[in-house]
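In C-alpha cells below, several structures.
In what follows, subunit A forms one complex with subunit B and a second complex with subunit C.
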Partner chain A sequence: MAAGFVTKAFRGLRWPRLPAALVSCSGHAYGTAAAAETAALPTLHESTDDTENLLRLSLNQPDFFRLSEIFNLKDLFNARVHLGHKKGCRHRLMEPYLFGSRLDVDIIDLEQTVEHLRLALNFTAHVAFCGGVILFVSRRRQFSHLVESMAKECGEYAHTRYWQGGLLTNAHIQYGTGVRLPDLVVFLSTLNNVFQQHVAVRDAAKMNIPTVGVVDSNCNPSLITYPVPGNDDTPAAMELYCRLFKMTINRAKDKRKQLELLRGLGSSAGPL
Partner chain B sequence: NMAASRAAVVGSLFWKCGSCSTGTFLICTNVNTQLLSRQICATPAMRRKNLAAAGPQKFTEEFIKKQVEEFNIGKRHLANMMDEDPQTFTQEDIDRSISYLFPSGLFDKRARPVMKHPDQVFPRQTAVQWGEDGRPFHYLFYTGKQSYYSLMHVSMAVLHSLAGSRWLLKEELEESLVENISDHDFARFIQLIERLVALPYGAAEEEFVLGYRRQLEVQSSKQEIQPLQYDQKGVAYSTADGRRKMSTASVTLKDSGSGKFTINGMDQLHYFPVLQDREQLLFPLHFARMLGRFDVDSSVTGGGRSAQAGALRLAISRALLSFLPEGQVEDMRQAGLLTPDPRVKERKKPGQEGARKKFTWKKR
Partner chain C sequence: MRVCCVLTNKMRTISGGTRPWTNRPVLHTKCTKTAYTGSGKAPEHLQEPDQDARKPGFAAAYELHTDLRPDGRRGPADEESFATLLRRSPLVQMGPARDRIVTGRIFKVVGDDLYVDFGAKFHCVCRRPPEGPDAGRYQRGARVRLRLEDLELTARFLGAATDTTLLEAEATLLGLLDGKDAAKLKK
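Right, the complex of A and B next:
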C-alpha cells in the first residue's frame, strides 16, 4: 500500500520535468532563451547523432544510473536529516513536507525526502552525463571548505562566498563575452547569512537555470525546481549530502566515458 | 643597394604598432566564433557599436604561441638584414634596427613603428578562462575572484589542520633542543612561527609547522573519577557530593537496583512534589541511559527547593562517573552535568535597595 502510494507520487512529480531535462541537456545556457533554442548541441569530440542516441538511451530507463542503491531512509535518519527548526521559524510553504513537531521542533517527513532526493540525484546525474556545468552554492561558513573540496573532487564548480549581484544576470559583463553559465545550480543551503533567501535562487529562476536545493523548515521551496526537504545545519547531514552528490556525479561521468568507449570500439569494429 | 634589398624584404615582415591593432584578428574557439569574431562592418556607425559591445579582447593560448613564433622568425630575419648575429640580437638592437629601417617623424612615440615580444603587446590578464566546450578551468571561476578565494580555501585547510592543537611550551622546546631558552627568545620563536602560518600558502610548510604543535588534551581527562567500591554482598556502589547556592547534597548510588530514590529518608515523590525538581534528579541517569539500574540514597541540607534539586543532580552525576565507559565522561561534561553552577546570591550594596535595585530617583 505504501509502495503503491510512493510510485504514484513518483510518477506525478516526474513527468512534467522531463522536457526540462531534455532542454538543459541539449545546449549551453546562454543569456537569452532565444539563443538557447537556436544553440547547437555541444560540440564535444563526437557527432550530433551519437550524442542524441546516448541521450535517448539514458532517458529510456527510469533509474539509468541505479541511484536507489546509494542511500536509504535509515541513512537519512542516522544523519539527522529529519530534524527541522523550531515551530516559530517554520515557513508556511514547508508544511506539506513536515511530519509534525515534537517538543516544539519540526520533524521532516523522511518518506517524502527520499522521493525528492531520488528525483534530484537522478536529475543531477543526467546533467553530469550530458557534460553540463554544475554549480554548488552554500553560504554556511561552517561547511564552505567541505563544499569547495567536494566540488573540486567532482570536477564541478562551487560558490560559497559573497554573491556579487550580477554573476548570473550580468554574466557577459562580469566575466567576458561568450561565458557559459551553469546548467544546474545545487543549493546545499538556500538561506544566506542573514536568514534571507539566497539571491542565486531568484537569479537562476530568472536565467531559466534549473535548481536543486536542500530546503530546511525555515526556507521557501517555491522557486526551486527540485526541492529536497531536509536538515541543512548538522555536520552529519551536510557530509551525507556532499557524499551523495559526489557519488552521483562521478557515477554519471564514469558511465558516460564507458558508453563513449563502447561506441568507439563499436564504430571501429563496425566495417569488419 | 643594401637599403633597397632590406626595404624589399620588409614587406614580408610582420610588425605591429604600439597602440593600434589591425582589424582582422580572429579569435579561434570553434564554439564561440559566432560571438567573438570581429565582423567587417560596412558603415562607421556599425563599427563603433560593435567595438563597444565586444568589450576587451580575449586571446587564446594558441594565438599567443603563434604570435611568439612569428616574432622570433621576424627577429632572425631582421638580424640577417642588419648583418648581425641572430643569436645575440637583443631588444635594443631590434629597436635600433626598426628606427633605422622605418624612420618616422611622428612626435608621439607610441605612434611610431615598434616590434616587441607578444607578452609585452598582449596584456596577460585577458587570457580566456574556459576551454573549447565552454567549461571554465578553475573550480571557483563563478565566484568572480578565483585566485583570491582559492587562496582562502587553502588557508582554511591549514587552519583545520592546526585546530585542536596548541603551540609547544617553553619547557617542551627546551627539552627538544637540549638548551636553555629565555622567555624572550621563546616569545620571538612563537611570533615567527605564527607569522609563517599566517603567510599565504603556509600550507606548504605544514609538516614543519605541525612538528611544533601538540595535541590539546581532552578536558575530561582532568576529571578525577573515584574507583568503584564494593560492599559485603559484592554489589558495586559509589558516593559523591554536590553543592548549589546554599545547599549541600551527598549521594550513594548502588548498582543492580530497581530505581528506588530516597532523599533524607523520604521518597523523592513526596520530597519534591514539583515535576521540574524531579526532572533535574533524573536527568543524569536518563542521559547515561541507566534509569532503572540504580538505587539512590541521598541526604540534602540548606537552600531552597530548586537549589537542593541542583545540588542532588551534581552529586548524582559525579557518583555516576565511576560506572560510565570512557567516551561518555566527555559527553557528560559537554552536556553540562559535571559543571558546578557558580551562581550565588549577590550581596546588597550600601546606598541601594538590594544588589541591583536603586532607590527612587528624584529629579529635584
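Right, the complex of A and C next:
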C-alpha cells in the first residue's frame, strides 16, 4: 500500500510532461544546495533564453519572494517553537542552537531559528519556482493527516507512512527505470517512531537530494542541508510550519505563472 | 518651528515603520541586519529608537500617545527580543512545574481519557472523574483545572545514551474551570 502510494506520487502530474532529455538528467549528482539551483539551468537541453532569464532573475535578489514578511519571531514564540525536550534528551550537536536550559527544559534560540527558517523557506521557494518536486516526510502519526493535506493543497507530495528501504536508493529497480526522484525533501520531524533518525535523511544525502528539516533538541542536524531548530511535538508549531511551507510554495508557483504570463511564454514552456 | 519639524519627522517614520493599513506583519529590526529586507524603508525604521532617547517634552509625549493606537498596534515596543519574550512568558514566570495549578483545554476525548493542552510543549492525559454532577461536561473544548507534576515524562534507563521520553506531561485533574476560580490561576 505504501509502495503504491509513493508510486502514484512519483508518477503523478509531472511524469507525462517531462521530455526524454530531462528524464535522463534526473539522476544527476547535485553536490550542494547551491549547485542544485544553478545546475538546473545549464543542463536543460530544451530551455529557451527566456526561461533561463527567468530563472536567473529569481537568483538576483536575496529575498525574491519576500518571504521575510510571512512570519516573525513573535509568531514563532506564540506557536511554542522555542520549547525543547528535557536536558537528558538533548543531542550533543544541537547545543549551538539552544538558548539555554530552564529548569531542565531546553530552550531553542529563536533568533537563530528565524534566520535558519528564512534560509530554508527561501530555498524551498526557489525549488518550487523552478518546478522541482518537493516531498514532505514526517513519521509523527499525530500530524500525518495535517502534513498530507498540506502537501495536497500546495500541489506537492507527502510520505507519512512506513518508509520502504530502497525508496530513494533503489528507486529505479523498485519503480522502474527513469523515475524522477524528489528535488527537495522537507522533514517536519526527522525522527521515526522509535526515536531514531528517519532513514530518508541518510538516503537523501546518499542520493544528493537537498533536505530541509525541523530539528528538535533531541535530533541530529548534521546530515540536513537546511536545518531549522524548532519544536516538532506541539500541534501549534506543526500547524505553523505547514502553513509557512504551503504559503511559500504557493507564492513561488504563483510568481512563476505571473512572470511567464508577463513574458508571453504561455504553457508550452513546461515546468523547467 | 522645531515642533513642526519634529511632527512631520515623526509622522513620516511612523507611516514607514508600522503600516497600520496593511495586514502584513512588520519587519523587525533584527531582520533588517541581514540581506532580507521586505521594504525599502528599513533605515528610517532603524533610526527611530536613537532619536526617541534624545527628544524632550512634547516629542516624547507624542511618541507615547502614538503607541496607544485605537487599533491595538504598538510602536517600537512591539519588537521585543527573544530573551525578553521568554523572560515574560507565563511558562518561565511560573517557575518549577511541580504542584502548580494551571488551566487547560480538552482537545481530544478517547473513552475515559481526556487529552488536555495547557500551553506547554506536551499535552497531558487525565482520566475522566467517576460519576458526579459534572461528568458529562468533560467534552472536547472544555476548560479544566490541573495540578502539574511534570512538563515532560522522561527517565534514563540502564544502558541508554539518552533519556526515554513519553512525549506527555503529567498532571492531576482538579475539576472544571468555574468563573470564581479564574482569578487564582496563572494561565
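FYI, the second predicted complex is superposed on the first by the 217 of 272 C-alpha atoms of A that agree within 3 Å, B and C clash if a C-alpha of one lies under 4 Å from a C-alpha of the other, contacts with A are read in each partner's own complex, and residues count from 1 in each chain.
Just so we're on the same page, a contact is a pair of C-beta atoms (placed from the backbone, for glycine too) under 8 Å apart; a residue touches a chain by one contact, two chains touch by 3 or more.
These numbers come from a predicted model, not from an experiment.
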| query | Clash or fit: subunit B and subunit C on subunit A? | reply | clash
| query | Should A:D233 be classified as contacting the first partner (subunit B), the second (subunit C), both, or neither? | reply | second
| Which partner, subunit B or subunit C, touches the larger number of subunit A residues? | C
| If you stack the two complexes on chain A, which partner ends up touching A:L83: first (subunit B), second (subunit C), both, or neither? | second
| message | Just to be sure I read the superposition right, which of the two partners does A:R180 touch: subunit B = first, subunit C = second, or both, or neither? | response | first
| said: Just to be sure I read the superposition right, which of the two partners does A:A151 touch: subunit B = first, subunit C = second, or both, or neither? | reply: first
| Looking at the overlay, what does A:K74 touch: subunit B (first), subunit C (second), both, or neither? | second
| query | Which holds for A:F64: it touches subunit B only (first), subunit C only (second), both, or neither? | reply | neither
| In the superposed arrangement, does A:L110 touch subunit B (first), subunit C (second), both or neither? | second
| task | Give the stretch of subunit B that clashes with subunit C in the superposition, choosing among 63-71, 225-233 or 315-323. | result | 315-323
| request: Could you pull out which subunit C residues touch subunit A in their complex? | output: 24-28, 30-31, 34-38, 78, 80-83, 85-86, 89, 91-92, 95-97, 107, 117, 119-122, 151-152, 154, 156, 162-165, 167
| message | Using the touch definition from the top, list the residues of subunit A that touch subunit B in their complex. | response | 28, 42-44, 131, 133, 135, 144-145, 148-149, 151-152, 155-159, 161, 164, 167, 172-180, 182
| said: Taking the touch rule as given, give the residues of subunit B at its contact with subunit A in the complex, in rising order. | reply: 29-32, 35-36, 54-56, 58, 128-130, 132-136, 139-145, 149, 152-153, 156-157, 160
| query | Which residues of subunit A touch subunit C in their complex? | reply | 62-63, 66-75, 77, 80, 82-86, 88-91, 99, 102-103, 105, 107, 109-111, 114-115, 118, 195, 218, 231, 233-235
